[in-house]
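Provided herewith is a single structure, encoded as structure tokens, for subsequent inquiry.
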């Protein structure tokens, strides 16, 4: 069947589709609120019907009828396989090595995919304070791989984050091993301008694709670290089917699709 | 009301009554199968209606209608407050410091109330092998105090046990502290001949009481370590009411009362 | 320990006496569910001061306590309200203004610390947070750590596993003076049942020296004891029980009611500015005599009908949230 | 991991293929309840050898495996059948005769080791066993420990807590190759529900690399997923499901049937002597084709009626036990 690409879609929809495409069938996915949830649900409705969504608050593999507004939303209880709590999920699922893909976001992301969700400036006298790690640091440390979602602005993409809340590749290919992390590391950064991936040898981010309407040069200009754009292709746009599912099945109330679109 | 002492009772009944009397009202009791269970249930029916019985297998404060034959017996589920498992009970109740009294038994008990439930002879080539610690070592380490139940024979009461499965006072008043145990220690040994207690200063066992029909000399003769009998009184016999409750309410099926009586 | 025969049922005001100034406390619930808000409001009304707060991912519960000036120190992983607020506005202001002291861990880290306290061990090993600045940077000063023996002497320790050689983080246990949780159902003896996910409530409750439970319903013991395997906390751990229907508002309580998007948005809007925050507090907390009056203020019977959970789903499927 | 769409339902014989010779295994259940006996019998029939067995307080399940020559090493806290036998007769004989290797821990110690494996940490700290010879004496030789990389390099370690200075025992985690549990209800995807106490099943199951579940009933996923908070194991942890009604006999299965005092006494009487033990095995295991035939052998419909649990109590109140 020929793919019919959608003509009318928002940036948030494009990003949700890109997130969904990172998930393989039968994988176990640690999803947070917002874009990761949209992406994971879309994946279940399309190419990954047997992927399992796990929420840190306790629910495993629920059948969502209404989009949750938090990972602890009562909506995540619906027909779940189990529903325990943070200690059980983080220890016996995440730390035990069962999470294939985890989603992350943060205020700053650096060249090695390290994330800052804590503060700008000195930790003890911050210029700006963010909410803190939450489960982000845990997902970054203990998922088999992670996907980062980010707003692409120069100040948000420095060479080095002010504070590593959630370790990426830390400082290169040996960084995680030296830190004592048993596995994992970021595999993609889905931004408002494109998708970054990490060089296999150096573990530095490079531009893998730029979104429709964006040029590699623009991405480079909006990135605070030196970005290799030589391998960049155009991001595959969403299909009509994907957009339809997103709007009609995943978030018919427009909880995130409309909210984020409005904030753009 | 004047106490009416029973005239007709078995040794096991006498011991069950002695065990019950060690329990104070409102205490939390870790009970095993057999005599400890009989004693704890009797206590609930008499002077300690608000004591709580905890089983290591998971049940907390059940209302027994039929005597359990193991700590994991389905009979322990009846109207319990909670019913989890060994990890929860041992960690969040016992190790957390909530058990006031624990009951113990074993093949050998020594002068400092250390218990051997593992083997006679060399650990690696035992002459006789016993079942092993079970929860006994845990109860000995982490209850606020323990009561030991034992058959009183010379070979079972040596100066030093062959193997410390369940630490008592170890080697004297500083023994537990030196070992790193935060609290606890044995307070009584209820035997087939009498009740031993531990000297406050030395933590060595002495004879506190001898059962009706037994002389202090007999107890001394049947003890492998030097036993102070100078403080011994006669064990207070069971009352008619206690025997009636034991037979009619605690073990009407005669599961333990008859079995152990038959083995005597 | 507390017995079956103690009289544990009391008013919010009586229960707040169990939380003195300077107490080390923790609150149950997570993100948009089951925070013991009625108790939080009463603590604010009683003007508690210098609280040392432990949380994994608190939201408005802690943000309001901070805004009211009740909190001196926090140890936590996150302070926000997910879809409703990217950061607690009063928390942000307090940190940026140096009005409180803080120590950062991850969510898993904090829950493990509660678990260690619940299990009666002084620390718990973990692989999380390795490679992060959470491991490298201490928030509390040495002076702070020395000032209160209940604070762990250091944030964490890193060792090599004596069995595998792996690098492992050791996290110090937390045992709170008081934990307050909001449950759906409790009996008068204290047996607690929670429907839905229990979040970190089990660990937070069981690590506490004293446990206060606010609840939607108080039922007969037989009702809960028929299925003991569905109960979360044995009766003897509970010191105080307060019946407060809708006591988690504006947060949800699975099977009873949903969260209140309107009120959550209102709070976060008002809390951004000092003056409007004070007004908000005057209207909804200081100016309100009791919980009954509060429920009237937030929209009364009509609002509660909108929030009421569908029996089967456990939330309000028709609630306007967008 | 195992998916929802895998075909997990199989026969006992097929499932035993997941347990090769030399496997490190553990069995669910505790004292007189929920040991996966049908699976044990099949392992014996299949003549598995050199198993490394981890238990907290096993009973006849392990005793029979030892008697059948399936077991090479055990790490456990206790081997007996409480009111039915003060020690497993085959275990005693095997230890006294040097036929197996053994390592002693306490019950809490073993359950903590399973818990550590389930949690993905290499060790767990505890205060239990301090002052005992369990801490002082290693059962396995250095040679044994070096012979199999799955065995912990040492029995335990003692350290001073970096926060409190307290003496603390560190216990190495267990991750079994295969754990086998017997549950009341499972669905075809693998979601497991256990009624009554779960003993150590949760930790034993979650520490396993592969998990086999025998059960009384297989139901539709919707039936279990209506109350997800009552389920113990998420579907993706389960690799094999076998429906074996009365599959824990002669042990009890809460809400389904009681233990069989007659059969337990018979076993322990016969197992004391080599010849009568062999006869017992020939009659009840080797000479029996399948579980159906076994149930006939032990007394058929009449026996099963006597053991059948009362719906409300969960056991057989009129069962003759004395």
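Order of writing sets the chain letters: A, B, C and D. Residues in each chain are counted from 1.
Rule of thumb we're sticking to: contacts are C-beta pairs under 8 Å (C-beta built on N, C-alpha and C of every residue); 3 or more make two chains touch, one makes a residue touch a chain.
These numbers come from a predicted model, not from an experiment.
*Asks:* Keeping to the contact definition above, tell me which chains border both chain B and chain D.
*Replies:* Intersection of chain B and chain D contact lists gives C.
*Asks:* Pick out whichever of the two, A-D or A-C, is joined by more C-beta pairs in contact.
*Replies:* A-C
*Asks:* Counting only C-alpha atoms to place each centre, which chain is farthest from chain B?
*Replies:* A
*Asks:* Determine the centre-to-centre distance between chain A and chain B, using the mean Cα coordinates as centres, and give it in whole Å.
*Replies:* 58
*Asks:* Per the centroid of Cα atoms for each chain, what is the distance between chain A and chain C, given in Å?
*Replies:* 28
*Asks:* In angstrom, rounded to a whole number, how far apart do the mean CA points of chain A and chain D lie?
*Replies:* Comparing mean C-alpha positions, chain D is 41 Å from chain A.
*Asks:* For chain B, jot down the residues that touch at least 2 other chains.
*Replies:* 59, 77, 83-84, 91, 94-95, 142
*Asks:* Any chance you could list the residues of chain C touching two or more other chains?
*Replies:* 120-121, 126-127, 166, 168, 196-198, 229
*Asks:* Based on the touch definition given at the start, go ahead and assign the chain network to line, ring, star, complete or other.
*Replies:* other
*Asks:* Give every touching pair of chains, nothing left out.
*Replies:* Applying the touch criterion to every chain pair yields A-C, A-D, B-C, B-D, C-D.
*Asks:* Which residues, counting only chain C, touch chain D once they are in their complex?
*Replies:* Spelled out, the residues of chain C in touch with chain D are 120-127, 152-154, 157, 159, 161-164, 166, 168, 170, 172-173, 195-198, 229-230.
*Asks:* Show me the residue ranges of chain B that touch chain C in the complex, using the header's touch definition.
*Replies:* Going by the criterion above, the answer is residues 26, 28, 50, 52, 59-63, 77, 79-84, 91-98, 100, 142.
*Asks:* In the complex, go through chain D and note every residue touching chain B.
*Replies:* Chain D reaches chain B through residues 29-33, 56-57, 76-84, 86-88, 91-92, 95-96, 98, 104-109, 111-112, 114-115, 126-134, 137, 139, 158, 166-168, 196-203, 252, 254-255, 258-259, 261, 309, 313-315, 317, 321-322.
*Asks:* State the interface residues of chain C toward chain B in the complex, per the touch definition above.
*Replies:* Answer in residue numbers: 1, 3-5, 118-121, 189, 191, 206, 221-222, 224-226, 228-229, 231-237.
*Asks:* So in the complex, which bits of chain A are touching chain C?
*Replies:* 33-34, 56-59, 65-66, 69-78, 83-87, 90-91, 94-95, 118-119, 123-138, 140-142, 163-167, 170, 175-176, 179-182, 253-256, 258-259
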